[in-house]
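Think of it as A, B, C and D in the order they're written, each chain with its own count starting at 1.
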Amino acid sequence: MLEELKEKVCAANLDLCEKGVVIYTWGNVSGISDDRKYMVIKPSGVDYKGMSSDDMVVVDIESGCKVEGKWKPSSDTPTHLELYRIYKNINGIAHTHSVNAVAFAQAGIGIPALGTTHADYFYGDIPCTRELTRQEVMNDYEINTGKVIIETIEKNKSDTMTIPGVLVKNHGPFAWGNSPENAVYNAVVMEKVAEMALKTLLINQDAYMNKYILDKHYLRKHGKDAYYGQD
Amino acid sequence: MLEELKEKVCAANLDLCEKGVVIYTWGNVSGISDDRKYMVIKPSGVDYKGMSSDDMVVVDIESGCKVEGKWKPSSDTPTHLELYRIYKNINGIAHTHSVNAVAFAQAGIGIPALGTTHADYFYGDIPCTRELTRQEVMNDYEINTGKVIIETIEKNKSDTMTIPGVLVKNHGPFAWGNSPENAVYNAVVMEKVAEMALKTLLINQDAYMNKYILDKHYLRKHGKDAYYGQD
Amino acid sequence: MLEELKEKVCAANLDLCEKGVVIYTWGNVSGISDDRKYMVIKPSGVDYKGMSSDDMVVVDIESGCKVEGKWKPSSDTPTHLELYRIYKNINGIAHTHSVNAVAFAQAGIGIPALGTTHADYFYGDIPCTRELTRQEVMNDYEINTGKVIIETIEKNKSDTMTIPGVLVKNHGPFAWGNSPENAVYNAVVMEKVAEMALKTLLINQDAYMNKYILDKHYLRKHGKDAYYGQD
Amino acid sequence: MLEELKEKVCAANLDLCEKGVVIYTWGNVSGISDDRKYMVIKPSGVDYKGMSSDDMVVVDIESGCKVEGKWKPSSDTPTHLELYRIYKNINGIAHTHSVNAVAFAQAGIGIPALGTTHADYFYGDIPCTRELTRQEVMNDYEINTGKVIIETIEKNKSDTMTIPGVLVKNHGPFAWGNSPENAVYNAVVMEKVAEMALKTLLINQDAYMNKYILDKHYLRKHGKDAYYGQD
């Protein structure tokens, strides 16, 4: 079932590796079926080398149960499911261990919007979640990781698609998009702007970007009168 | 029309990608025709992968209108045009999102001339523009980006060819040269000297280079009695 | 003798090079025979380029004498032997000169457990040994390097397999595992988490991770009720 | 003439590029003939791409005049000559623009010996020259660069072969060795230990290595009772 989606999710997972945002078995990408009944996701702890679409796992969105696949799904599966259930415009999710984004997550600080590279994709700071409580970690950790991402999006009053990513404190980046491929794209951009932001702060701790520049760059690309790119 | 120039501009754009100063669709390179009537530039938001000279867009320098090409030109087109109109010795312009140069741009600080690698190509600090005003951003943003680059060059009393690049605050580097290829070359050097400068400042915040060393290195390569390189 | 082990040890040594944690002749990997009588190790000062399993050296664990091989064994041989003699669960050891882990070793500071990437493999800070005394360096330096690693493990009350690596002060990382390949894996992860930790501290000097997050991530992967990965 | 030496010098120059310590036409490597009458060096300002041994230039050591070759020799030729004239044990010299070593040179600070990777090749801090005076820069700059390197070696009471490299302030690293290949090797190691030192200092500004560890590592590899490597 969902052979085409499996191909796309597998390709997006392999792209994580090629773009240098994961090594070994780290990270995972998922995608959702058109009817939003099923999620296809990378298997847990399986190496990217030699991975094919046959290795992808199909999970029922509502029940969270595996529907098809020879492997157990990613241990982060419940986190992905939470996001798909709440946000109907998310069609792909990518979780990476890219060094600079992880550094901000470990520092417990969001990635500040300091330049137009950031503004072209993220309409504001990329927020970092609060720390999960002991209770939240001990019980249903992966579900609670999803919940704290959602809490952060809501608290931030950001739209999932205007800021398509969040850092989970002490953990790392989750990014999403309108397809598995687009989720990886946003994860790669997040890593790049994290590196830029870190180096900017090393040069000037008081660096900032005015809101009107953020508006301009984000909206010339994503606003209703966008003129960046082709029609 | 201008098939040879399209080939050169396309090759220079692909070189941005190969040299690691852009990813995805980021950045752009343009070139100008010998009669300075037309600019050839990368299309807006098109991926470097698979790009060919057929994808290049021809724009009329005076009117700013597209003359030929199947795509819309880069959204930074008006910035390039401003520079070509004012500086008759610029024959190629490259805009990148290279991490270290962007870090200085986001920090709002020019790249200081701290060593001979810098002095071999840039005869002084590479300046950073002032911040654009809200007005300048909201109306004719890309034209105003060109104007603030020009203002910075003039205020700095530098010659376009002795310091062939500027950082646009919160945005990133623009470099130029006597050809599209040379513009990319200068953009790559700018990234390298930005990385060297950043690391130098991490070791010694008071690092500096004496003016006579700057003079010596720049002039042994570019002065009237230059002796670096072949005749 | 031990042809299969030589193949594995050689492959693990070449992997050091491919993963970028050594250059030239730096670093070394060893493995131990099933009966724990013999160690197979890289020869001393031999380049990775063109290395084959025939170049590996077999050393008697008890006597420390070479048993087979056309080269002298790695000068770090006595360090490896000390570890194999004390820890019966170590089946492979890797020593690298990876930049970020070396930076912590040179700084004399352990790699702090600041995130889940770290917690997935190392159940706590990766400790740094004390400085060897003049006496320990002048006599039996390599044996004493082994002894100070052991002292550090014991003082830290860590288990060799829950924190499969130590930094030797002013020297660099030693990692180990249940096979030569796994030792290299842990050495590569150590380098990655060292880079993450260094960058985290540049952003926030007070960064930390709560013990319950460390527990959760380590134990969901390595505890008795582990559910990460496949059965 | 000297065809074999030209091959070696050309290969060493190409190795600079492959090891990532130069880009474009930057840097240069030279070698000296067995009778120490002639130096073979890279031509000035010629790209590494497509360079062959035919492009190498032969220079008379005593007169400094070109003896053979279709190109002008490297502009740093007088610097190389000064070193060959004074130090009879130097058979190859490499000058690079590697980022981390340049950062120390631009900072005007030597690369401190903080670990055993450094100690394996450099028996002490890699010193940085004083700033050249205006007079020294304006007249015979390249000769004076050689002289200040020699002054630094002598003042440091180091032997050219125990510390086979120096940083020239505001310029960058010069390394040497018993062959052109070995000079490049030392230049690559210098870059690596510069990167390690810079990162070490970011973690701990007071990092140091005891002299007896420096002695041990340098001497186990280069001393009269050396036991590192093969006989």
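Everything that follows uses one rule, which is that a contact is a pair of C-beta atoms (placed from the backbone, for glycine too) under 8 Å apart; a residue touches a chain by one contact, two chains touch by 3 or more.
Given the structure is predicted, the values throughout are model-derived calculations rather than measurements.
Taking the definition of touch as given, a chain qualifies here only if it contacts subunit B and subunit D alike; none does. Among the remaining chains, not one touches subunit C and also subunit D. Relative to subunit A, the chain whose mean Cα position lies farthest away is D. One simple way to say how far apart two chains are is to compare their mean CA positions; for subunit B and subunit C this gives 46 Å. Chain centres here are Cα averages; for subunit A and subunit B they lie 33 Å apart. Of all residues in subunit A, those touching 2 or more other chains are 202, listed in ascending order.
Chains that are in contact with each other form these pairs: A-B, A-C, B-D, C-D. Looking at the complex, you find that subunit B touches subunit A at residues 23-26, 43-46, 71-72, 75, 97, 99-100, 102-109, 131-132, 134, 137-138, 141, 170-172, 198, 201-202. By the touch criterion stated above, subunit C contacts subunit A in their complex at residues 114-117, 185, 188-189, 192, 195-197, 199-200, 202-204, 207, 209-210, 212-213, 216, 220, 227-231.
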